[in-house]
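Got some structures for you, see below.
Below, chain A partners chain B and then partners chain C, in two separate complexes.
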Partner chain A sequence: MCAIEPVLQVQGVSIEIPTRHGTVHAARDVDFALGRGERLGIVGESGSGKTITALGIMRLLLPPAHVTSGRILFEGRDVTTMHPKDVNRWRGNEVGMIFQDPLTSLNPFLRIGIQVAEVLEIHRGLSRAQAMAEAEQLLRRVQISDARRRLSEYPHQLSGGMRQRVVIAIAMATRPKMIIADEPTTALDVTAQANVLDLLRDLTEAERTSVVLITHDLSVIADFCERVLVMYAGRIVEEGSVDEVISEPRHPYTQALLNSIPRLQGAVGRLPSIPGAPPDLTRELQGCPFAPRCPVAYDRCRTEVPELLEIGPGRRAACHLAQPIPSNITLEGDLAE
Partner chain B sequence: MSVAREQVLEVRDLKVHFPIRGSFGRTTGIVRAVDGVSIELGRGETLGIAGESGCGKSTLARAMLRIVEPTAGRIVVGGEDVTAARGPALRHLLKVMQMVFQDPNDSLNPRVKVGAAIEEALIVAHVAPQDRPHRVQEILRTVGLPYAFARRYPHELSGGQRQRVGIARALAVGPQLLVCDEPVSALDVSVRAQIINLFQDLQDQLGLGYVFISHDLAVLRQMSHRVAVMYLGRVVEQAPNQVLYAQPLHPYTQALLGSVPLPSPKANRARQRIHLVGEVPSPSSPPPGCPFHPRCPIAQDVCRNEVPPLRVIASGHHVACHFAQANVWAGGERVGQA
Partner chain C sequence: MARPEVEQAILDAEELAAVRQVSTWRTLLESLLHNVPAMLSVVFLLILVAVAILAPYVAPHNPLQGFVQGLTSQGAPVPPGKTFLLGTDENGRDILSRMIYGARVSLTIGIVANGIAIVIGVMVGMVAGYFGGWIDTLLMRVTDVVMAFPILLLAIALIAVTGPSITNIILVIALIYWVNMARVVHGMVLSLKEREFVTATRTLGVGPWRILFRHILPHLSSAIIVYGSLGVATTVLLEASLSYIGIGVPVPMPSWGNMIAEGQATYQVAPWLLIYPGIALVLTVLAFNLIGDWLRDALDPMQEGK
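Right after this comes the complex of A and B.
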């Protein structure tokens, strides 16, 4: 996993949402660490628990959703027990957030300049004039042309890609230690997506900022991240370096997900699809939640929940069929390519 | 490519312009959403339409179905000119051509059960009352849903199931042609493959033609026989699938293909990413000459002054570029301005 100084440690976190139709187990026993300067991806489909896990880490869960167990340590401090006032300061100063729709992060009635400057005034104690000057610099850094003029424009006057770059500027304004980006490019066109991903990579690399990138799109993860967590039905089912997980997935769900992506290269044949749909999250787990859709499931999968076990250096998988790899054998598939 | 096939759709030089209204309803400008598009489609064929937001692909779809009125041009469906069709002729058009939307919730009434929603379409198609229950069952089976779903409400269905109902409803009138606007974009990856396969099965079984609109070039490659790439209201390149993805000749097509992340870290590292800098110009004030020239790495004076016509480069391969050539981004330098 991450050998050196983790910024974030998520330890056995479960999140539940009580509803009229029963309790939704949105995240179950989620456990991972994020290293300094590392780019970690969390991939999953809707309902997999990826977004709710991020919200839980940020202490942004809306009641009735709540963390039922586990600890979230940010540089050793437990976020779950932090006083709400301290949480605000922590979120503002040490963490940056980027969401799918930049319009939800930007106030439509305020000029861009004010919105960037405000963050600098509150969290870095700058005067309005200093903050405005710094805001212009920040807009330049996120490659917004004509930055001075843009300061006095409103969000609706910018394109989607530009708006998301403003959100990145705001997220990076306080030089945070960690950025959580939830589907940051999903609402953007492919050309804007490429620019935003490269910008985010350049900026966070320069500042050694850790990034958690949440997306449904494995291609974005393959492009941006170093390590990946695959989530299904609220659980982490696979973890490893992006290279290894994609060239040699060890969980049948990851494998099936990869197979079902239409490609830009190679022969076009019938797409292998995953039958069925993700499970009802209000039910207690009887066995592996993927078993009903899994092509290799056997009796044990339907009765015994597979634990997330280490199967190799930096690799974990929650599958009865993913055997631990002896440490003296290297992964052949990776070398063969 | 489609020459030998029976043609079901022909669109000639279609334009859809929207007036911009200022104070007191005065027209202060024109948005050229679709600005001279010509496409055709054979029976059982899929034409993919690619492009980014604002390129006019959805307006094109809506104009073909007469949801918005074309400003100029011609739409011929099944040999009949329907550009200005009214009354019975328009109803006939909608029996031949139907639309599938991105979000099936847009086309499904939340208070109407699935069976009743499909029956509604059967009433429009003049199916006799006694035949309707049987037809509903048959159509549901065609899209892979059990008959029990007829008694469910849309909110009781998953995203994939709802899209199946959206397709079922479009199929109810027995069309020859479906215009699909981003029909799999809102679906999860594992479900998306199921729906793509369903579209392909329906085409094989029923000989349907599709105009398949998507921003996702990989989905279009999977689905289409031919792909047309749109930019600022025009088709800038059109070619058979295997040609377009292997040998794109328009700089914009190359930029689009070069921007898409691939599901392999090695492949992403191995290739050079193209940075298309700058923004799409506003369709209310398109640049003179080639609409792509402000962002193009090989633009010359002629590109700034003359609109390049859609030229035939090879059989079925049309490109609207004065200097159509492969790999114009090879230098990888950034052009234009951010």
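Right after this comes the complex of A and C.
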């Protein structure tokens, strides 16, 4: 199911957010593993639980959101029960995180150099001068021209792509074993997007860093990742290698996501979208949460929650129809109305 | 240890930083030149501070000494004239000299008390806002309780217990006024801690205190400066009020508040006893308020480019 040497094991993690209108089940029984040097993508629409899962792994959930069950093992150590002091040592040292918008994830009041140097000062115990010198090297590594001058600039003086490269430099500063990138390219234009992804791939490949890339954009995953998890309504609904999942999706939701990617060839028309809206996450599951929007749903789907089952080597899917391939049903015709 | 190019990099960075520092000060100065009331206020306060510091050299007379020639043959205060520029009080003391020494007292209390209030308020607001939970509840309820008291009554009660002295007045004022700063800072921290750069900093394993002082505090600086300058005006006024009702600066030490109080008895025959310290008080409070307004506009990044 995963590479031989897992860095991260997420075992049956559920995250709940109690609110006045009921408890939101933001993530349900999320279960996966990440191998050393592996690039794993998590895809899903807004509210599918991908970001909250990442925050849960990083122990960054703000109350009232909390992990209700499951274990998160990082190299065998359980993150969920780690002492706060150890969490701070672990974060930044062994794991890093990259956020969607580099303008908001950099402190607008502090110079670039100070922000890059801070991690080195805290985790490597470098002096300010040493850390600054190393920060300059780091900026060079992420291909920022004129690195020395950039050290004393503020985030608003840099372009979007440059800012995201600074964020990558900060995340990679301590050579972490794992990086979680939450929509790292969403705020960027297409050219900057490609540059940032290439850079992230080169750096993480060189260091054998594992990457979890969270996005709603399957094309980014196709470009960057080796393996992909598809999330819907807080659950993993499909898992497999990127090639297999894209060429042969086994869950109707994955199929629908693939259909809604705009293509360069073929007839120009209205872009297919998935009808309906994601389910209310405060309710207990009655059947498959995708059933109301699913073109191939049948009676069993509305009463019985499909389990996430292995359907092949390294492939899992949570669909009653996934076990025998429903070859007689064409999904595209129904969805592309 | 450090290689030469490393040292050069640091030097360059510092040089650039210095240039940048100058340019922010320059933009601040430029906005001051376009704001006549604020500029006049700054000039006025600079003169006032200079006069207060140099009081022994600029005051024409001893502020505590009653002069024989300071009273008319009937024993009444002397109106403004050559010897006593702003007249004398009923004890024959020089009003101008007493005002100059009074400026010392009023400004010291205003600035020191306000400074302490800012430090307490910022600490309480940051800790309550950032850590949340029961710490937040506890600190902010204490703030509410202090806020709920009528300020003057609370001050009177506290001074009645501690006894009037300059140190006590400063402490009492600080203990009353920190709540305003705490409220403002609390609200700002509540929204700042949700910002992505704070989460991003947390993912780097930066501890909460370092986040508060290095990452969040700079965002509060303009609010602190603005509320600080407005706060001086309020504290100067509160000191005057306390001295006016006789529980402030102990007589015979002059403060604008107790001068106004003393002048009140004779204002129909000798209005100068009351008018000049009153004018000094009004102008000082006005100046601090105008400077506060100017700083609020000048430091607001939204106003940039206007």
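Note that the second predicted complex is superposed on the first by the 317 of 337 C-alpha atoms of A that agree within 3 Å, B and C clash if a C-alpha of one lies under 4 Å from a C-alpha of the other, contacts with A are read in each partner's own complex, and residues count from 1 in each chain.
Just so we're on the same page, a contact is a pair of C-beta atoms (placed from the backbone, for glycine too) under 8 Å apart; a residue touches a chain by one contact, two chains touch by 3 or more.
Treat the numbers as computed from the prediction; the structure is a model and nothing was measured.
Once the two complexes are overlaid through chain A, chain B and chain C fit side by side, free of any clash as defined at the top of the document.
Contact with chain B, but none with chain C, is seen for A:223 once the two complexes are overlaid on the shared chain. When both complexes are overlaid on chain A, the residue A:52 reaches neither chain B nor chain C.
With both structures placed on the common chain, the touch criterion links A:30 to neither chain B nor chain C. In the superposition on chain A, A:197 makes contact with chain B only, not with chain C. Using the contact criterion defined above for the overlaid structures, shared-chain residue A:72 touches neither chain B nor chain C, since it reaches no partner. Panel annotation: after superposition on the shared chain A, the angle at the CA centre of chain A between chain B and chain C (CA centres) reads 80 degrees, nearest 10. Residue contacts after overlaying the shared chain place A:131 against neither chain B nor chain C.
Judged by the touch definition given at the top, the superposed model places A:90 against chain C, while chain B stays out of reach. Of all C-alpha pairs linking chain B and chain C after the chain A fit, the shortest spans 6 Å. If you check the complex, the residues on chain C that touch chain A are 2-3, 6-7, 9-10, 12-14, 16-17, 20, 132-133, 194-197, 199-207, 210, 214-215, 218-219. Against chain C, in their complex, chain A makes its touches with residues 58, 60, 62-63, 87-93, 95-97, 99-101, 104-111, 113, 118-119, 122-123, 129-130, 132-133, 136, 148-149, 151-152, 167, 170-171.
On the side of chain B, the complex with chain A involves touching residues 52-53, 158-161, 188-194, 196-197, 200, 215-219, 221-222, 241, 245, 255-257, 259-268, 273-277, 279-280, 337-338. Against chain B, the residues of chain A that register as touching in their complex are 45-46, 143-145, 159-162, 189-191, 193-195, 197-198, 216-220, 222-224, 242-243, 246-247, 256-258, 260-265, 268, 270-275, 277-278, 293, 337.
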